[in-house]
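Data first, discussion second: the structure below is written as structure tokens.
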Amino acid sequence: MPKFLALRDAIRDHVADGACVALEGFTHLIPFAAGNEIIRQGRQQLHLVRMTPDLIYDQMIGAGCARRLTFSWGGNPGVGSAHRIRDAVEQGWPRPLELDEHTHAGMAAAYRAGAARLPFGMLRGYIGTDLPQHNARIGSVRCPYTGEEIAAVPALNPDVAILHAQRADRRGNVAITGITGAAREAALAAAKLVVTVEEVVEELPPAMNGIVLPHFVVTAIAHCPGGAWPSYAQGHYARDNGFYRRWDAIARDRAQFTAWIDRHVRGTADHHAFLASLRLAA
Amino acid sequence: MSAWTRDEMMTIAAARLLADGMVCFVGIGLPGAACNLARLTHAPGLVLIYESGTIGTRPSVLPLSIGDGELAETATCVVPLPEIFSDYLQAGRIDVGFLGAAQIDRFGNLNSTVIGDYAKPRTRLPGAGGATEIAAHAREVFIVMKATPRSFVPRLDFQTSGGHFPGRAVSGATGSGPAVVVTDVGMLRPQGPRNELALAATYPGIPAQEAVAAVGWPLAIASTVESIAPPAAAELEALRALEARTAAAHREPVRLPL
Amino acid sequence: MPKFLALRDAIRDHVADGACVALEGFTHLIPFAAGNEIIRQGRQQLHLVRMTPDLIYDQMIGAGCARRLTFSWGGNPGVGSAHRIRDAVEQGWPRPLELDEHTHAGMAAAYRAGAARLPFGMLRGYIGTDLPQHNARIGSVRCPYTGEEIAAVPALNPDVAILHAQRADRRGNVAITGITGAAREAALAAAKLVVTVEEVVEELPPAMNGIVLPHFVVTAIAHCPGGAWPSYAQGHYARDNGFYRRWDAIARDRAQFTAWIDRHVRGTADHHAFLASLRLAA
Amino acid sequence: MSAWTRDEMMTIAAARLLADGMVCFVGIGLPGAACNLARLTHAPGLVLIYESGTIGTRPSVLPLSIGDGELAETATCVVPLPEIFSDYLQAGRIDVGFLGAAQIDRFGNLNSTVIGDYAKPRTRLPGAGGATEIAAHAREVFIVMKATPRSFVPRLDFQTSGGHFPGRAVSGATGSGPAVVVTDVGMLRPQGPRNELALAATYPGIPAQEAVAAVGWPLAIASTVESIAPPAAAELEALRALEARTAAAHREPVRLPL
């Protein structure tokens, strides 16, 4: 049965320095509030895992939380570069970032293997690419029936996965509607699962084949409305495409980035105060 | 209707390549515009799949990301991303994969990973995403890129996705590789035993020399070069309306969820 | 784009003698009408694949359609034996039946591998069981990272999968609600997919994360109301548990079984006539 | 309330073993009755998972099959069967797996495959279904079977699912194996270095000798044998009401969908 905690307490209790952490959500339901809280609490040396390290990891990496990144696409979707990730890779600022780089198909196979507690995933992948020359973790396995060589990746089993979802019920079942990416797989692959939600309801709407993470796979739930902003929560609020565009200028410059993080993230007590401070600045 | 731009010609030329009923794996930017234009004009039954997991999506405006909410709302269904890659792409169910990149070489190999050395890059690019396996397993690959000598290069800094690379036939790639590269100065197609890209079609008023000048390797000219018809009024109108709707939608301020 | 066909034509065109055929649906949405039509058309030497060969394969095997069975549990759920399958295995009546026997977890892995066009599936399975001693197709693979030995099964890729679903739209998208078992995986693993549906509608209800087989993976659709009886179609009709119980007596005896098949299946023109003949007999 | 039967005692004894909040992988028949009885009495938060893919299901009557419609309607969610086996069972998320079988041996190994030779069986049984991997990966396994010398045998004709077989510790099985065998004449639990089943609990009025006589091997008696309390009125009432509702529901004629 998950605990219902304030986000501050959920992060304090479940994200340790040096931990392997996956904040997932593919464009949709990205747990930005949780990422900000990790920055606020000054976590260090994290091994961050995420298929698409976009703004959320740009912020965390720029704020100095990470030492290592497992990923398959890192940029600002539809806009351009993730400038803070670039700076960490190109210049080692604010600290060097070790890369464990994959393709989407490879990451998906690795999460799936992790969710099933298999030691590796496989795919017909990494064909015609230089990636395996630079990542020794990309391997292969021989089919015991056909003799074919199939690409392999080690299972991903983060210490903790963090998701944002639309709603949880009082027992801690978590329901998600819309694009999930590999969020379900990452959630089930992790040793612990922390979820921020838009609302806590008495009873979830009948799900039938909908996506529900049953309460016994959830470690902690934090009620955090707006927790996916500037990404979106289907049925609650839309993606703030304007902010994604504006982020390009904020993140391009170290000083400007740090001022933004200091003022809006480190300078606020929680996600509500963060959003209020942004509204004030707008 | 005003005269068309080269970007419009490129998008319209790409859209025309899509036949009704095809199943397309769509990227963001130019490919998304081409696919949605085709769907809104001659190919209403085009099936658009985004790697975010939306199948058969019919957005009224172009999304900024590949996972905007409208893609989910208008989709036939939304499936987990791992299924898109294993059960659709890897399973050979994608007719056309659309790709762009930072660099392309004469065999249609693509770089979207780094400029410079991998370990100490001059410019770190976003990386492979879905591209590597799209390049391998889509039945055909259509590439859409503006041509400049900086992007059409003799040698890639890093090969992210395979085009007609040596050994493709025995590599395990199940698709047939790049069929066409649509640029703003004409279209290239592979030819000859090594599948080297050659100028295969020109646009009205853009001579072959412009394409040759825009490409950073000595560009071959195909034995027959097709002359592409200029954008029809209906095409231009549909594209501009789509872009106007998109701009208006993206201009709409989003209230902070506070 | 799938063809909309009469069930008779769909079976005639897509199920050949000797083919490998998977009629899937786990308790729910079992394509009984399609099975009956295969019997009616006198198909022979089929390699039948199904996780739970229950009444539908009891009927097809008793009627002499099959030479081989890939499965993981064969019985009458909650009632007892599948008498016709037993008779085929124990006595070779009406003809011998070769078994390719697995566990549910193994079949699931094999269908999943088939759907992904991987040559084999893997699982932490077949532990503490004699099954691998009797089925040489159950193998193993070594993890390239940990050195662990993991059980392997060859991918299942039937020539044709047959499902029953609640509804299709005019373009041929097929929507399923409720328990699916491994039906989706079997459908995507097969070279061709034939679906019988309760209804054909202009437009499917908005699916979001619901289960839809998009039209380009469907080969043929036959409108066949009641096509899952005596199993059920969630939202349309309930499982006829009474018939499952009555089947025990019908199937126990060769002559009685044959008389039932001759009268109700072979003696009727189609599924509607089949149901009518049963109502008359009741 | 009339006197209880041995079947009722068995189901109630099994139900009492389930603590609130446990996650149970439920089979059909006796296990289903025990799990649902527990849920309706002392363990309302029991999570019932059926291999059909229904998670957290709360049926008001016992299903005939493991995939009846009510299981889906009352579930927290319905997932594809492959996920149940890979992401729940194999991933170690099941607290208790319930099993029955045609034969059991003194180490809790089970046979549900054949009587006689596999290639030419005297009786072909349904086969493994989910049992083999439940036996391997559920944290604990509870077995519910009526005891007879024909089913509690010195030697299985076929081992479908592993109990405390030699080498279990290094077999890759992640669960701890059978914790209890609930029968109609008492409960057996593994003991000693080889985990041999021994009579560990008796029911009121059913002496240890009856259990010994019902088991086809020389049954060991545990050093301390628990005396199980008789069914409480509330337990009997709940079980009988459940069975009456079930019988009534299953008696209801289903109209042919014609």
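The chains carry the letters A, B, C and D, assigned in the order they are written, with residues numbered from 1 in each.
Going forward, a residue touches a chain if its C-beta (ideal position, glycine included) is under 8 Å from a C-beta of that chain, and two chains touch if they have at least 3 such contacts.
For clarity, every value in this text was computed on a predicted model and none was experimentally measured.
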| item | value |
| --- | --- |
| Pair of chains joined by more contacts [C-beta pairs], A-D or C-D | C-D |
| Centre distance in Å when chain A and chain B are each reduced to the mean of their C-alpha atoms | 27 |
| Chain A-chain D separation of Cα centroids, rounded to whole Å | 40 |
| Distance between the centres, which are taken as Cα means, of chain D and chain B, whole angstrom | 56 |
| Where chain B touches two or more other chains, by residue | 72-73, 78, 86, 90, 174 |
| Residue list for chain A, restricted to those that touch at least two other chains | 116-118, 123-124, 148, 178, 180, 208-211 |
| Full enumeration of touching chain pairs | A-B, A-C, A-D, B-C, C-D |
| Complex interface listing, chain C residues touching chain B | 1, 115-118, 171, 173, 188, 204, 206-212, 214-217 |
| Chain C contact footprint on chain D (complex, rising order) | 28-29, 51-54, 63-69, 71-73, 78, 80-82, 85-86, 89-90, 109, 113, 118-133, 135-137, 158-163, 165, 168, 171-174, 250, 253-258 |
| Of all residues in chain C, those that touch chain D in their complex | 26-28, 51-52, 71-75, 77-79, 81-82, 85-86, 89-90, 101-105, 108-109, 111-112, 123-131, 134, 148-149, 178-182, 184-185, 225-226, 229, 232-234, 236-244, 272, 275-276, 278-279, 282 |
| Residues on chain A engaged by chain C in the complex (per definition of touch) | 116-120, 122-124, 139-146, 148, 150, 152, 154, 176-178, 180, 208-211 |
| Footprint of chain C on chain B - complex, ascending | 21, 23, 45, 47, 55-56, 72-73, 75-79, 86-87, 90-93, 174 |
